[in-house]
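Labels run A, B and C following the written order; every chain starts at residue 1.
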Amino acid sequence: MIKLVASLVLRASVVLTGTALATFALLWNAPGDPALAIALARYNAVVPVEVIDQVRAEAGLDGGFWSAFSGWITPLILGDLGQSSVTGRDVWPELVTAMSYTFPLALAGLLVGIAISVPLALLATQRPGGWLDRCAVALASIGAAIPAYWLGLLLILLFAVQLGWLPAMGARTPAHMLLPALTLGLGVAASLTRILRSGILEARGQHFLPAFRRRGVAASDISRHHVAPHVAVPVVTVFGLELAFLLEGAVMVEVIFSRPGLGSFLVSAIEARDFPKVQAVVILSAVLFVTINLLIDLLYRALDPRIGERDA
Amino acid sequence: MLSVDNISVRRGATVTLHDVSFGLAAGRTLAVVGESGAGKSTLIGAILGLVPCSSGQVTWDKTPVARCRPALVMQEPRSAFNPRLSLYHSAMEPLVAQRTVPDPERLNMLCQGLEIPPNLLSRRPTEVSIGQAQRVGILRALIAAPPLVLFDEPLSALDAVTQKYTARLIAELQHEAGFAALIVTHDLGYAAAFADEIAVLRAGRVEEYAASRAFVEAPRTDYGRTLRDAAFALGALERVA
Amino acid sequence: MRSVIVLVTVFVLLALVGPWLAPHDPTQINIPNRLSPPNAEWLLGTDALGRDILSRLLHGARWSLGLAFLISVIGLAIGTVIGLVAAQGGKIADWIVMRTTDTFLAFPDLVAAVVIAGVLGAGTGSLIFALTITGWMRYARVARGIGLSLLNRGYVVQARLAGLSPVAIARWHYLPSLLPSLTVVWTGMFARAILSISALGFLGFGVQPPMPEWGTMLLDARIHMRSTPLQMIWPGLAVVTCVLAINLTGDALRDSLAEADQR
């Protein structure tokens, strides 16, 4: 077990190093002189060559790729994300502020998604192939095809513009959270319904279940002890994918609803070519992702011991 | 001349081949016999380089064995052919790999020797009988005239009549082409009838190595005697003495 | 299934001949006639610069679908090659390829695509690059998985013993077996590419104006949501129906493959 955890952690750190390197290489090779970009962003006017050179030296950009990379990665490992190249302020506090908007939104979206998909999947699988089931499948298919930004615009159009019930733009009151969370949640619900439905159906179809039923094991016991674990594995897998979707969706939703958060933080950082901020978001999402996948991997093996054996 | 020098194969903690050595000269036939699990398939894999050896080496005329492009006839003839391709396509692969075209005369001769009807090669492996597929398997093994051919239980998927017939064809072709043949089999009767030497493999070790006639007349080890007597009892081996 | 095929065919035809069906020039600016509601002359109305929305939609099909097709096919080619290298190249090559794949999977695709396209500068070239480099991993995983399962099949062993080159083995023995599963992955990635292209367009990092692309059109329409809400419906509807049709095709394909497997 310890060996397994160690190998998974090793794998995760290799992946994180790779992401750091890939991100840095991308930004290093971005068109234009980064020092000039910083100088322009900072002074917002025509800048003399000496100032650009000074900026270049300050930012550690004058020693080539590897020296710049090590100048960035060393503090990063210690948890220092550096300073904004535009304002010169630390990136961390701004990033924390952005996260404090994005994470509650992602959580709310997830809750909305679960609140819709779990009852829907349970109802749909009562009678597989029945009209309710078909409706659920159709809704899930359509839901998976609707891009978050369009759904968001439609919800704004309906609830904010036409009906005037809910606020749409910004994040001043808790009510401002409702439409973004609904947008995100509907997307989550679409894929979650699909997976839950097929998971439940597959578990019910397992050959041992009729045998239990014949032996008179109570229906509730069957679903608790035998159906639930079978549904758990695919659901855990999807949960990992869902988190990607949530982060991605949150970025889009924040832009649509003009909400502060990681999405707006990232988009404005890219537009300002404020690379330390861009790097911070990318690394943060990679760390989040890799950690969550690591946990899911472990959870997965705990739920289904066969997976570990196959790997060994 | 094939020489297998002290090869061992380990998988994790278990040793599947233990310090196996033997030689096989051109034109000769060696039968490796043993029960299931004795390491016969691993031995084939190790000789062909499909299974890495933890120690020892396998050479052909003092060069790595892969260089002489040894051929293999497999136990399951159907799975040895890609179901999507014609038998001809698969059988000509050794020539394609050497960027040569089949010599029609040689192909014709081999087909006659293996009694493969002309239109059979255009079919797919699922459209022919197992015996036919096995004969095409032998054709593929011999097409590029390799000096060494390995047979992994070449008869066990076939029915009794086809077994005798195929065994005879292999022997005749070997007589003509003069390749060294290593036949892995659990059928001692087949081994005794066609091989020059017999090696008895038990739990990854060569238990006994003898001329096949000598082995059938008087095995030197208890295990060899057990194997021989079991084959007598089954009627698979005729009493030579 | 049949209706889905019909729908997909219609979209493919639209992408091919759409521009000739368009009643107007999609980039013709006509300020006096801006934000016109749908009428006989302008079937779906006009946008903020007076351009015909129907014509822009029809031309946009070529951008959205054509680019998505291109991106998903490049990804298919790259991913398949990488997956087969991992499957055939031995343990070390496999480890390197799999960790590289994990690395690229470590960001949400869209976030990575936004960063790449944004940093490289908005434009069709960086859009294609961004979506290709974030879109090959699924193919690689599938190709590697099936490749590994074929590695010890009798006929693959025979091909290796015969001395056939890895490229020839891939061509004759791996690709035909991979093709069905890769096609299913491809339909999914095609649909994703359509969504990603329009998402990047909506964020302003995608196809640049005045080219009509559905996401960019939506971005333009958003500003005039209050006065002409209908303008916002069309591009979105186009994306949704396309993606839905492709996804349903993929599902049908997967089901028929599963059936063929059982037989």
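Please note the rule applied: a residue touches a chain if its C-beta (ideal position, glycine included) is under 8 Å from a C-beta of that chain, and two chains touch if they have at least 3 such contacts.
Source: prediction; values computed, not measured.
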Quick check for you: compute each chain's CA centroid and the global CA centroid, then name the chain with the smallest gap between them. C
Could you pull out the chain whose C-alpha mean position is farthest off from that of subunit A? B
Across the interfaces B-C and A-C, which one involves more C-beta pairs in contact? A-C
Could you state the distance in Å from the CA-based centre of subunit A to that of subunit B? 57
Chain-centre distance (mean CA atoms) for subunit B and subunit C, in whole Å, is 51
Using CA atom averages as chain centres, what separation in Å is found between subunit A and subunit C? 21
Which residues of subunit A are in contact with two or more other chains? none
In the complex, subunit B touches subunit C at residues 48, 50, 69-72, 74, 76, 79-82, 84-85, 89-90, 93-94, 96-98, 140, 144
Quick check: in the complex, which residue numbers of subunit A touch subunit C? 11, 14-16, 18-19, 22-23, 26-27, 30-31, 141-142, 144-150, 153-154, 156-157, 161-162, 244-245, 247-248, 251-252, 255, 266-267, 270-271, 273, 275, 278, 281-282, 285-286, 289-290
Please name which positions on subunit C make contact with subunit A in the complex. 99-100, 102-104, 106-112, 114-116, 118-121, 191, 195, 198-199, 202-203, 205, 215, 218, 222, 225-226, 229, 232, 236, 239-241, 243-244, 247-248, 251
Could you list, by residue number, the parts of subunit C that touch subunit B in their complex? 153-155, 157-165, 168, 172-173, 176-177
